[in-house]
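The two complexes that follow have chain A in common; it is paired with chain B in the first and with chain C in the second.
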Partner chain A sequence: MSQKEVTSKRHMGLKAANRVSNTAIYILLTIISIVWLLPFVFILLQSFRCETDRGMVGYILPKVWGFDNYIKLWNSDFRRWYINTFIIALVSAVLVTVIQLCMSYTLSRFRFKMRGPLMRFMLILGMFPGMLTMIILYRVLADLGLTQANAVPGLILVGFASSGMGYYVSKGFFDTIPKSLDEAARVDGTTRLQVLYKIILPLAKPIVIYTILTAFMGPWGDYVFAKYVAFGTSAGYNVAVGMYSWLSNDQIGNWYTTFCAGGVVVAIPVTILFLCLQKYYVEGVTGGAVKG
Partner chain B sequence: MASVKLTNVKKIYDKNVVAVHDFNLEIHDKEFVVFVGPSGCGKSTTLRMIAGLEDISEGTVEIDGEVVNDLQPKDRGIAMVFQNYALYPHMTVYDNIAFSLRLQKMPEDVIYEKVTNAAEILGITEYLMRKPRALSGGQRQRVAIGRAMVRDSKVFLMDEPLSNLDAKLRNQMRSEIILLRQKLDTTFIYVTHDQTEAMTLADRIVIMKDGFIMQVGSPDEVFDMPDNLFVAEFIGAPKMNIIKTKLVCEGGKYYVTPFGAKIAVDGDKGKELANRKAPGGDILLGVRPEHIQLATAADHAIPCTLVVDEMMGSELHLHVDTEDGTRLIVRVPTLDLDKDQRKTLVAGAKLYITFEGKAMHLFNPETEKNLLT
Partner chain C sequence: MKQYSDLEFLRLSKWQRFCYKFLAFFAAIPHAIANFFIKIGKGIKTAFVKVVDEFRDIGLTFAHGDWKTKVSYLVMGFGNMARGQVLRGILFLLFELVFIFYMVTTGGYWLSMLPSLGKQGPTKEYDPIYDTNVTTYHDNSFKILLYGVLTIFFIVAFIYTWRLNVKQNKIMEGILKKGGKLKRDKDDLRSMVDENFYKTLLALPLTGILVFTVMPIVFMILVAFTNYDGNHNGYSNALFSWVGLQNFNTLFSWQSAGGGQSYSATFGEILTWTLIWAFLATFTNYFLGMFVAMMINKKGIRLKKMWRTILVMTVAIPQFISLLYVSKMFARNGLINLTLGPQGLGWIKEPLPFWENATWARITVIIINIWIGIPYLMLITTGILMNIPADLYESARIDGANAWQQYRKITLPYMLFITGPYLLTSFTGNMNNFNVIYLLTGGGPTNSAASGAAGSVGYTDLLITWLFKITQGTEAQYYLASVVGIMVFVVVALISLVVYNVLPSIKNEEDYQ
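Take a look at the complex of A and B:
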């Protein structure tokens, strides 16, 4: 066997080994994704089940298909809950994003007395679980008249009140943008605010998207605070609290498939948001870490 | 076009760290002034105070007769070029240059004319639609200069604009800045740590150390008549040789006695010493490497041993040790050496050196001040 043949055989061996290991990895990943996707497929299928029994059943594929559950959903309290949730999530997302980005920019660019202690204080404060504040928060909201039927503004307040404390990620990202850009812009004639929205934010697009997404997702999927603040008044429920009420023992037989339909409807805006913004989202989560 | 006047300007940071002490300087209209000094000497801080990017702790800065201490950078009539270019990465070259004009709400056709005009002067017309990341270092620096040019500002500030470029490009850009200055004909304040840039560009050089001005003068003045030891060593490359020796006066004539030799201080310097009736005694003698010549064994020649020879192309830098171990640098033009002579100049060779009295600089060893200024 010539030297050339020996070399080419060795190369073939490497290729074959790569192929085998890749195949094994792909099979494993496929299995994991099937397991992971199954509950979602299950919910989607159940939402189209239109049999007389609207409770839980022991099979996956519906025997009778239709949109009855979605129609029932539309005509139920769900519409109110959905609008409630959407308002809370949207308003919180806007307020949280504005506050958090301003806070991050300030902490990244300005040097003022007590800046260090303030940052440390917020770090320590952030280590306590938010749940600890539940009782006192309820007290405050109740005194302000922002509970039960008025839970929506109450939950918006809860959503953005401490949002400045979540400055870490975006401040870290802003820190990686050279200060001389701010200075050049200020010499060029911008105000501090113009520096933020004309120079820094376009450069920090991934982190802005990340902030909007996380700020929206929090209230969108909130259950504990929402349940507590609405306190048994359906008009103040968000989707999570409202839909959960369908799962009680006396309701589930009637509402289970509608619950599944609700789950699908709840997932739609978040899925669209993620599909549109996922490119930036990945950059945002990893960007601050590696750019420095 | 404007003058800039700094009166008793001080910069004090938290914890009483003083970065700039009592800075007084008047920069005339259309003058090119270079602040030069080692890192941490306060030159950039001073420039940034003029630009309005740092608060002025004490004193006043005037531009064109107006005190600007409390004005925003944009209201001071300045343009600035930064060391790291500070181009806006998300904008094209055109938008970068047009940015300040758009903020002034200038009509687009005027902006177009100004931007293309600046681009033409700087030779970046073909890159106008590119983003900064697609440009080389030299091109980026041109864009940064273009961005400052279109503002038609009264004062042009440059903070180490060439430091990020490689040596060859730096030389090229340096001559381009000289040409640019002729075209713009405005007041320039330029900060650098590179004495070559300072010498080649400046009308006047301000040499700084630890927040103090050490000397202000034309390139000729600071080179020929350094006020103090720091300036003497800082300006000129390789740096000036400093030798501890004595000044003696015999019969109205002054001599220095380095390494047992006796060299007359002649020329204007000798006359000036005599006029001042300077006392003899310990001094620090400064001799620039280019003012030392190779000699043959003679009465006043100083014997020494060659330690390192650096071939620089047009000249040879010889590092020699005298008998008492003092290290000196001698700069010899290669044209002055014939082939055989060059061959003998290798480490370990014994040499004789000498220098002329008129090329000497004399410093007080305690105050480090020039005896003749």
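Take a look at the complex of A and C:
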């Protein structure tokens, strides 16, 4: 056997091995995709099930199809919960973004005496479980009249007030914008404010979108604090608290399929928005993970 | 412990280096503690010196100052106004007036009540007109503690502002003596968007953090030293009061409580599971997520975008929907048990105890968490994996390294180095992962040995869900919750401290900018 034959044979062997491993990967990825998507397909299918039994069943394909669950959903308190959540998400998206950008831009660009201690202090503050502050925040909100039926402004207030703590991801992004840009502009006599909105903000578009997106998506899954603040008043629920109540032991028999319909109605707009802005989200989380 | 020189250290294998560093960290603890106390001693000394200096400076400023400065000691901002800085002067004066008004009207009351947390609880008196007992409410411990803390914050702020006012007078006099010009109001306003822009930007976020995070945390730490609970809610049934370290004693006592296990045994069990959970949840997600990302990234795999989009979609759907649905899927009468059971495929006779058996529940929770977490980790690691220089793999391949060796020698070290800080935050995040546990199991199945005075504790309860549970209902034990909260903080802080000292990838912040 000549040298050439040996290499070509080895080459073919490698190629075959590569093909085998690629096939294995395709199979695995297909299985993974199915496992990850199936529950959502189930939810979708269950939401169209219109039999008299509205509880949990042992089959996936509905025997009677229809839109009854969506009609029931529309006529229930769900409408109110959806509007509540939507308002919270929208207002928080604006306020949280402003606060977080202020915080992260400052900590990235300015060097002042209290900067180091401030960042260390916030790191330590972040180690306390947020749950701990709920008891008192609830009482404070109750004193302000922002609980139960008025839970929406209360949740917005609490949500955005301490959002400055989550500055890490966007600070990491601002750190990557060269400081020489600021300095060049400063030499030309612009104020810091002008530097911010004329130079930095246009460059920071990805992180602004990322912050808006995460701030908007957060309230849709917020359960425990929303439950605390609404305190059993249906008018103040958000979707998570409201729909959770449908799955309690005495409700589930009537509301299970409606829960699935609600899940679809909640998930679709958020998912579409997310898929459109996916690029920015990926940039944000990757940057955040790298820079801690 | 044996100290290695730098040269000896370099000769060790990677694993030995890690062990060495790990042991060195613990060996250094006594020294660090000693240093800590020495530092505290020095700190007290310097603080004392500083305070004396401050007082001397205040006295000297008063003695040497002109009449404008002297008046400013009583009427804040007078010096500023008299010297043309009207805006600053008005702000100082306004702050002083607000402070005096607050202290005279309510602040004094809250402060005087703080040591006792209220003297007179609600009383019941017979009302002959309506022929019933009428309850009259008096002091409110909750408000006394809350506003007492606020008042102390306010006093500290006032002292600081007063000192600033005195300092400014001194500086102004100095400038004027040298024949310099003072800043005008216009300059002050301009500096707010220029050299002092950071103060403008930070004002709102920091106020929010102070009021809605710092103040509640201070309050809850103080609650740990009171007997605030459902039966002493401080207002409508009974006042609560200071109890010292009693609650910490309760949590760490070995005596059985309420007919069940002792608090310390319950606490120990929950803490152990919390740590196991955090460890498994973090690392299963990390490695499996990386594995999926590597599969999609592999050369020759097509439709990369489609695979990613499928997984990313699951990140978008609000967690409570997927968690609640999956939790019902695994329930006793849920889809899986019904499919496998006698009415379905008939593979099992009895429903599988996913949520009824402690071990089953714990394993199921971890597996579902993998389902939740992999897409997210896949997203994070994809970008980093693509950043690993390709020539590293090239040269490894030429040296004849197989895929596993390449992974172990190139990919893994690189990933661990880059994502070290992320792993730490993810670990502590998982320790406090309320949503996954609460929405899946609600903490259950119930641990009957532990229940008793400590609320209903389940086998999958984390410290954070336990904390939540003991603040619920009429028997809520807020004092215990805040002790548990403090313990969570201690554990998280300890782990962070150890990891930060052992991990190599703690970068100097300015280095990578």
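As a convention for this text, the second predicted complex is superposed on the first by the 266 of 292 C-alpha atoms of A that agree within 3 Å, B and C clash if a C-alpha of one lies under 4 Å from a C-alpha of the other, contacts with A are read in each partner's own complex, and residues count from 1 in each chain.
As a working rule, a residue touches a chain if its C-beta (ideal position, glycine included) is under 8 Å from a C-beta of that chain, and two chains touch if they have at least 3 such contacts.
Nothing here was measured: the structure is a model prediction, and the numbers come from that model.
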Touched partner set for A:A184, first chain B, second chain C, both or neither: first
First (chain B), second (chain C), both or neither touched by A:I199: first
Touched partner set for A:F112, first chain B, second chain C, both or neither: second
Touching partner for A:T23 - first (chain B), second (chain C), both, neither: neither
Of chain C and chain B, partner touching more chain A residues: C
Which of chain B and chain C A:L132 touches, first, second, both or neither: second
Contact residues common to both interfaces of chain A (with chain B and with chain C): none
Touch list for chain B against partner chain A, complex: 51-53, 72-74, 78-80, 82-84, 86-90, 99-100, 103-104, 147, 151
Residues of chain A defined as touching chain C within the complex: 18, 22, 25-26, 28-29, 32-33, 35-37, 39-40, 42-43, 56-60, 99-100, 102-103, 105-106, 110, 112, 122, 124-125, 127-137, 139-140, 157-158, 160-165, 175-176, 179, 191-193, 196, 217, 220-221, 223-224, 239-240, 243-244, 247, 252, 256, 259-260, 263, 266-267, 270-271, 273-275, 278, 281-283, 285-286, 288-292
In the complex with chain A, residue positions of chain C that touch it: 142, 146, 190, 193-195, 197-198, 201-202, 204-206, 208-209, 211-217, 219-220, 223, 292, 295-296, 298, 300-301, 307, 309-322, 324-326, 328-329, 331, 333-335, 337-339, 341, 343-344, 371, 374-376, 379-380, 382-384, 418-422, 424-425, 428, 432, 434-435, 438-439, 463-464, 467-468, 471, 478, 481-482, 485, 488-489, 492-493, 496, 512-513
Complex contact set, residues of chain A against chain B: 178, 180-181, 183-190, 194, 199, 202-203
